[in-house]
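Here chain A shows up in two complexes: once beside chain B, once beside chain C.
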Partner chain A sequence: MRIGAILRPALVLLLLALVLKPAWFTPVFAPLAPEGAPVIYARSSLLSLSLSHLGLVAAATTAATLVAVTLAILVTRQAGEAFRPLSRTITNLGQTFPPVAVLALAVPALGFGAGPTLVALFLYGLLPIFENAVTGFSTLPPTTMEAARGIGLNRWQRLVQVEVPLALPVMLTGIRLSVVISLGTATIGSTVAARTLGEVIIAGLLTSNTAYVVQGGLIVGLFAVLIYDALVQLEAHLVRRTGG
Partner chain B sequence: MIEIDRITKTYDGVNVVDAVTMTAETGTITVIVGTSGSGKTTLLRMINRLEEPSSGEVRINGMSTRATKPHLLRRRIGYAIQGHGLFPHHTVARNIGAVPKLLNWPKDRIRTRVDELLALFSMDPAQFRDRLPAELSGGQQQRVGVARALASRPDLLLMDEPFGALDPIIRARAQDDLRRIQKALGSTIMLVTHDMEEAIRLGDRVAVMDSGRLVQHGTPAEIIARPATTFVADMVGDVERPLRLLSLIPLSEVVEDGPATGKALPVDASLRDALSSCLWTGRTAVPVERDGAVVGRVTLDAIRARAELRA
Partner chain C sequence: MSPPGLLFATLGLAALSAPFMTLAANRIVAGEGVMAWAVTAPAVTLPGVAVIGAGLLLGLPSEWPRLRLAGSVLGLGGLLWLLMQGAPQLLEGAGDYARVSPAIGFWCLLVILMLLMADSLARMAPGPLARGALLAAVTGALALILWSGVLSQLSILQEYASRKAAFADAVLRHLALAFGSLATAAAIGFPLGILCHRQFRLRGTILPVLSFLQTIPSLAMFGLMIPILGWVGDRVPGAQAIGIAGIGFAPAFLALVLYSLLPVVGNTVTGLASAPPAALEAARGMGMTPRQRLLRVELPLGLPVILTGLRVVLVQNVGLAVIAGLIGGGGFGTFVFQGLNQTATDLILLGALPTVALAVASAVVMDILVELARPGSGRAR
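Let's turn to the complex of A and B:
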């Protein structure tokens, strides 16, 4: 907790500086850049790349959450139980496909840009959210569920007032995993012209400019660490609230 | 009045509950007692349709339970279970107010009712209202569970082993509380237990179940004095019978004039308490007091006479 209290704001400040004032870091990255090459990526603003990167991840994760949680709710009802193995296979398939392959396959259909990346991130994000949501919904305290039925909540009220809130911490764990995977995976979206921080890394790789690679990698890494941490805090808060 | 009319539940060709017919009067506690697998819980769960009966019918105040949708029916029937089943993410007040909220009571009426019930269960509303269930002791959680079941003034309160998870001292207190509150509110209660002691302590009527059948239904005294089958006799316990019988009789029934020495017992104590007190202190009579004033005595001979009476 102590270390977190110092480290967290320090990392946030570092990230803000890297995104908003990249020029400050010229002396740090200079030794990594080849002779005469630019040290700091300047072809487009890092802020707009970051926002677009986060936007893609947010959109894909939101869609994956909606689909995966809906599916999890359906297969944890008595009537939908038979579909659980099938849903599991489908979501597993999403994870088995390498994102690069999905990108390659989606480009002919969706064209270059954000589309194929969204599809790849969406498919890749389904599995952890689905698995965790199924676990969350099938490990609810039985006496609480029995009481919810016994005092007269109908199916919908039980779902909204009891099941979802109680399964939320476990679901959030899945969402957190999915977000962190997506933050990293989104970088390869730049190979099909999606605007992400991958652009910086790929530019570095193409021109053998390690300074670019480190710069892009560092920003993506810091985003991942800080978002992961924020979601862990949120989960802990929810668990405390439910007395878990 | 609750009428259970030839109700049967069949699972895989086996009658778990077999044509049980029974009537419970308004304002009384009926305790259904039996061993595990006797069908007592299934019987209880068929009353609020958590289980649908295979045949037969339950009527509450003359109206069939099949006339209403199950979840609407359940809002009129209180339900308290072993391990309380409180919503862990809701405060005590929200837990207790759950059914009134389902019935669309106005907010301030719910708040008044919650405070009233907390006070009734000897829990300071200001202190407990906003706590989460995890912040309460086991006994307090159980009380909140029963308070939730009573919140909407239901026609009937169903309780499934409500005190099963409590330690003996807290359980005895919870039983006394239930008795007191039931008297105060005039509630109709059906309670399931495997504990004959609890049945005799709480029940106005005791219904004994064995392998799905109702084998005896009567007052605790009848069950003890004239068990209908060997199973009932086993449940009551031969050695315990006279003591159980004495535990049902208050001192006020046999108090007589005359001298006695030593520590006095209140008139609402049972003959079992008096017998115990006699044996322990070597007396042949104990003084009886009402509101601190001695009103007479109970003698060992009088106790013996009552114990022998129905043997």
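Let's turn to the complex of A and C:
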């Protein structure tokens, strides 16, 4: 992709400028703000909001990955076979739960703030990772597994040296889906008083200040697109390495 | 012995020893937990608790899925019994503004018993028609319980009672958002998908653009629609007359349509490409025109994949339509966000629970349709 080579650094620079030097964009956003209203969101620094947003997503995704991959390893062993149909049912049903509803349902249990957001992101993030990890572990080429057994690797060695590396690209697809959903859901986390970039958008919606809405939307959108793209690149790299 | 059954029984017994209901002084403050056996006189509660325990125990034997199913139904009956007996009893003499709601123990037991039901059903592997009947039975039972008014003392139904008209309005609005955007996306997406299927170059441009749209977080997408449609509403004559404005239904609808395009177009392309080369060769050999091949071979063979795309869209849009509540677009989201602002838990639930129910029901119905469309199953059998 020739376009990607130019577009990617340009978008990264745009994002950095939007987050670090928001004042530069005053003339761009000024026509969108209502008469006399502030143009650039200044109630808290965009950098700290971005870091807090990304931090929430990173923490939730890391926890979700650890738990989901462990569970996937368990249900793809012989001992966990009995839980396979149940786990499939849970992932199928769980993914029909709207992320916003999961977030809203976490509030009565956990109160306001970062807590319910983190839990909602974690729970919702589990499903795609688990589903893809199970797919990855159950579609390994039988000949490779046979060969691993043949050269005398024990079960633990087979898992660590053969199964996990081979299933990694598929797992990464699940993690990517989970990250993109989490970035979006974390935005809505602002409605339950978590510090995320959604704060900017919601402040804009409440005061009908379109400049805030566009500013927040643009930053979150750029983060999502760039992170998604980075993970796609990483997956392609891994596939080339394992499959090539 | 079924290992999941053992897990359910252990977790279920633990959940029985957590607070079953809460009694609060009004709709905002946190309530006080009441144990399952203490919600009313022991002569009434103990049979209920015993029935729940028995239901969990019936879930143990792995060889008899029907027995496990019966166990889950029995357990759910026990939960209902405790709720309907406990609510009026707890409210008696508790003050005019007192509210009683199910607590953590109830919700955990509800989830565990529903998982038990799902696990036993998965073992029985019911066909599409049986699942349809099951969904109808569950919906009917739920409607009957709500209509009979035995639970009307619960706080969530009190919230409903004080905004019946708004709720009916929200239901219609939510359905209009979810199904309307699905229909619009299908009307645009099918032709686009067929075009992409025919022209390789077009596919290379359209699909990346659509998947780019999909990555934009929903709140940002809804927010960005506002200035765009506001501008259209102000500049294009007649646009405001048909309801195009920056706030409300139109931006929410457009955002949902944009989110829906990728699954529709992507699955149409995949579905049409899934026809085996031999079938296409045969069709060509019979002298079919490209149009006939599309209508009689590629479309019928690709239908399950195309319908799967519609399933993804429908479930996704039912959930995303909640966000319309933030930009004045109506739907169940109105209650969710009102509830969050007022910290009124039951108002949040009044918005969230119907959304979840609608999403699950849509998924079940669409799964049935996908299965019926699969060649050699359902009707064709």
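Details
As a working rule, the second predicted complex is superposed on the first by the 240 of 244 C-alpha atoms of A that agree within 3 Å, B and C clash if a C-alpha of one lies under 4 Å from a C-alpha of the other, contacts with A are read in each partner's own complex, and residues count from 1 in each chain.
Keep in mind that, in the parts below, contacts are C-beta pairs under 8 Å (C-beta built on N, C-alpha and C of every residue); 3 or more make two chains touch, one makes a residue touch a chain.
Since the structure is predicted, the reported quantities are computational estimates derived from the model, not experimental observations.
Once both complexes are superposed on chain A, the partners chain B and chain C fit side by side without clashing. The larger set of touched chain A residues comes from C, when the choice is between chain B and chain C.
By the touch criterion defined above, A:Thr191 reaches chain C but does not reach chain B.
Chain centres taken from Cα atoms put the angle at chain A, between chain B and chain C, at 100 degrees to the nearest 10.
Look at A:Ala82: by the touch rule set out above, it reaches chain C but stays clear of chain B.
Judged by the touch definition given at the top, the superposed model places A:Gly152 against chain B, while chain C stays out of reach. In the superposition on chain A, A:Leu166 contacts chain B only, with no contact to chain C. Contacts of A:Pro34 after superposition on the shared chain: neither chain B nor chain C is touched. Once the two complexes are laid over each other on the shared chain, residue contacts for A:Arg241 go to chain B alone; chain C is not touched. In the superposition on chain A, contact is made by A:Val107 with chain C only, not with chain B. By the touch criterion defined above, A:Pro9 lies against neither chain B nor chain C after alignment on the C-alpha atoms of chain A. Once you line the two complexes up on chain A, you'll see the smallest CA to CA distance from chain B to chain C is 21 Å. Shared contact residues of chain A with chain B and chain C: none. Across the interface of their complex, chain A is touched by residues 48, 50, 71-76, 78-79, 81-89, 98-99, 102, 132-135, 145, 148-149, 158 of chain B. If you check the complex, the residues on chain A that touch chain C are 32, 82-83, 85-86, 88-90, 92-93, 95-101, 104-105, 107-109, 112, 180, 183-184, 187-188, 191-192, 198, 201-202, 204-205, 208, 210, 213-214, 216-218, 220-221, 224-225, 228. Touching chain A in their complex are the following residues of chain C: 2-4, 62, 104, 115, 118-119, 122-123, 212, 215-221, 223-224, 226-227, 230, 246-247, 315, 318-320, 322-323, 326-327, 333, 336-337, 339-340, 343, 345, 348-349, 351-352, 355-356, 359-360, 362-363. Taken in their complex, chain A has these residues touching chain B: 141, 143-154, 157, 161-162, 165-166, 241-244.
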